[in-house]
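All chains are identified by letter, namely A, B, C, D, E and F, in their written order; residue positions are counted from 1 within each chain.
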Amino acid sequence: MTTLEDGRRILAELMGADYVATKDKKRNSFNEAIQEYSEEVCFGRTWARDGIDRKQRSIINIAMLTALNRPNQLRHHIEGALTNGCTVAELKEILLQTAVYCGLPAAGEAFRIAEEVLRERGLLD
Amino acid sequence: MTTLEDGRRILAELMGADYVATKDKKRNSFNEAIQEYSEEVCFGRTWARDGIDRKQRSIINIAMLTALNRPNQLRHHIEGALTNGCTVAELKEILLQTAVYCGLPAAGEAFRIAEEVLRERGLLD
Amino acid sequence: MTTLEDGRRILAELMGADYVATKDKKRNSFNEAIQEYSEEVCFGRTWARDGIDRKQRSIINIAMLTALNRPNQLRHHIEGALTNGCTVAELKEILLQTAVYCGLPAAGEAFRIAEEVLRERGLLD
Amino acid sequence: MTTLEDGRRILAELMGADYVATKDKKRNSFNEAIQEYSEEVCFGRTWARDGIDRKQRSIINIAMLTALNRPNQLRHHIEGALTNGCTVAELKEILLQTAVYCGLPAAGEAFRIAEEVLRERGLLD
Amino acid sequence: MTTLEDGRRILAELMGADYVATKDKKRNSFNEAIQEYSEEVCFGRTWARDGIDRKQRSIINIAMLTALNRPNQLRHHIEGALTNGCTVAELKEILLQTAVYCGLPAAGEAFRIAEEVLRERGLLD
Amino acid sequence: MTTLEDGRRILAELMGADYVATKDKKRNSFNEAIQEYSEEVCFGRTWARDGIDRKQRSIINIAMLTALNRPNQLRHHIEGALTNGCTVAELKEILLQTAVYCGLPAAGEAFRIAEEVLRERGLLD
């Protein structure tokens, strides 16, 4: 299997086949190189590695994307984290820790996004 | 045990008793409030929580501090991560993943700092 | 009075009783720890301190939140600054200074948000 | 010609006369100083300089605004870049390079914004 | 008085005549335009404005430079703040507040720099 | 030629054969994956692309690395830019423009680093 095929398979396992299908429909001559970069470099080359499991990779991403102030990608990776077995209780702990290191505004936004994801999935009491 | 005592105990377990003793010697009327903030809010209130273990908290911090461009604290938390059972192979994977999301310059600096810590500890071949 | 009660009182004085009531209605098992963190650590522990007055704390926040690129919280703290006695003329000066140090794009966004707040309050000619 | 007039002329050439007219209509006692700062310091003092051409200045801005996480201004300067002769193929290369240095989330957002601009202008196949 | 002369006078009042003399000796064909930008745009155009006093401008800068992760300039503006009448107690409060909003690593670095300035000036007990 | 070989050749052309030789000597089991990432993804996959020339890629990097606050990599890419035909006058213009968009502290640091590089190369009058 090539790195690209590997990456697409992992992306589908992480975000769902629908996500990949939607992405493929939007592919055009302008964005195909960055889509391949995402599939090959990010998923096929990095996420495909051994050494830490996918749940761990999701958790790292939640921490980084909160620090980097990237709410759209944070939402996707909170969804991915839940898919990869991260519990709601663990998600809460990760985001609480971002408050100390990234500041309360960063953590507040991350909690707001996480709540929307949890509500959509019926995971909020 | 108070939150402050709890925090100081956890900090000592993470960074070593010498680290805390050195910090205590540097305490003065100007910095005591931020030192207490660190001990109480960061370690006594956040690190002391259940839900994820200390190795996980260390890993989250490595990801955040790389993204936040804070090399001095990154160094301390790489040391803490090794203390908390993070292996060199896991550290490598975490930092490789920062290259994709935070960019290569951020990852390059983090690898440079990690190498210095590993060399000091005789963990580099 | 406990730190938590102190923080809730200060938050209500800063943002209004309605703001706190709305926040309380949204409280759930997922967000209660970050809400307590906000009320205790941010307002009860930090804003409650003497040494600088609340108007000064609001002004510091406007500067930081502009630099940190956090528009939602910037809006709340521009409202808080007006409540704490910051004049429109002072707000203008603070934001003009962010242009020099944070760059024009950061200042431009901050002015846009401030204008929305001022218009809602009938403070724009 | 004064620096201010120079700046307004360059801004009109970059963003279009309509953009400047709309901006002028929104001018009020609160925002006039930052608008003058933009026209004089940014366009009249900096963009007006010789040494590199306007296409180069647009390209630099796209790189900086992607790194700085400022999507609204990025959109304007992608439009300006196209006006200044930057081709779609060049735009793609610039944004691909941001993926390596700023990280994939920053590049992904920049591509998304660029696609919207290109679609509005009928430049996407 | 021109904006440039105004800016140089304010810079000398803020940082000392020696600071300006040292800066002038380092002036060359490469850096003269940015030095003029600093003197004219930053000090002659912005710091020279009425509406908030210089102590307030110093305080805003400490907040922004901590958030922006710019330790060299933070050091200069902590010195400027002390010159402009900011007390050690006020400085402590400002930096404590950065811990909540910018995160503990940012505040920790700012305290470290402030301590060095205070020690040089004999202001630390 | 493989992507890796391509990348190593481009890196040598950009930074010099000595730079690559030094890097190779420092290669070990911990850093080899990030070195390969740099050589393959950054240089072999991205810098190797057509569409914009290497001088343009260097200029983009100077803008991004100034915005990203990464002084070590900025130094290397200022050197690379000079190698790729960027003149001192162009370098000055690029950095002046960062003052407007990234803020004066970012530009000031970038000028300081550029001056060191220019002095080492005898390019400062």
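Following the convention adopted for this analysis, a residue touches a chain if its C-beta (ideal position, glycine included) is under 8 Å from a C-beta of that chain, and two chains touch if they have at least 3 such contacts.
Everything quoted here is computed from the prediction, not taken from an experiment.
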Interface sides of subunit B and subunit D: same vs different residues, half threshold: same
Listed pair (B-D, D-F or A-E) duplicating the C-E contact set, over half by residue number: D-F
Distance-maximising chain from subunit B - centres being C-alpha averages: D
Distance between the centres, which are taken as Cα means, of subunit D and subunit C, whole angstrom: 30
Subunit A and subunit F: spacing of chain centres that average the CA atoms, whole Å: 30
Multi-partner residues of subunit D (each touching 2 or more other chains): 37, 41-42, 65, 68-69, 92, 96, 99-106
Subunit B residues touching subunit E - in the complex, by the definition given at the top: 28-31, 33-34, 37-38, 41-42, 65, 68-70, 72-73
Interface residues, subunit E side, partner subunit B - complex: 69, 88, 92, 95-96, 99, 103-109, 111, 114-115, 118, 124-125
Contacting residues of subunit A [partner subunit E, same complex]: 100-106
Touching residues on subunit A, where the partner in the complex is subunit B: 41-42, 46, 49, 51-52, 56-57, 59-61, 63-68, 89-90, 92-94, 96-102
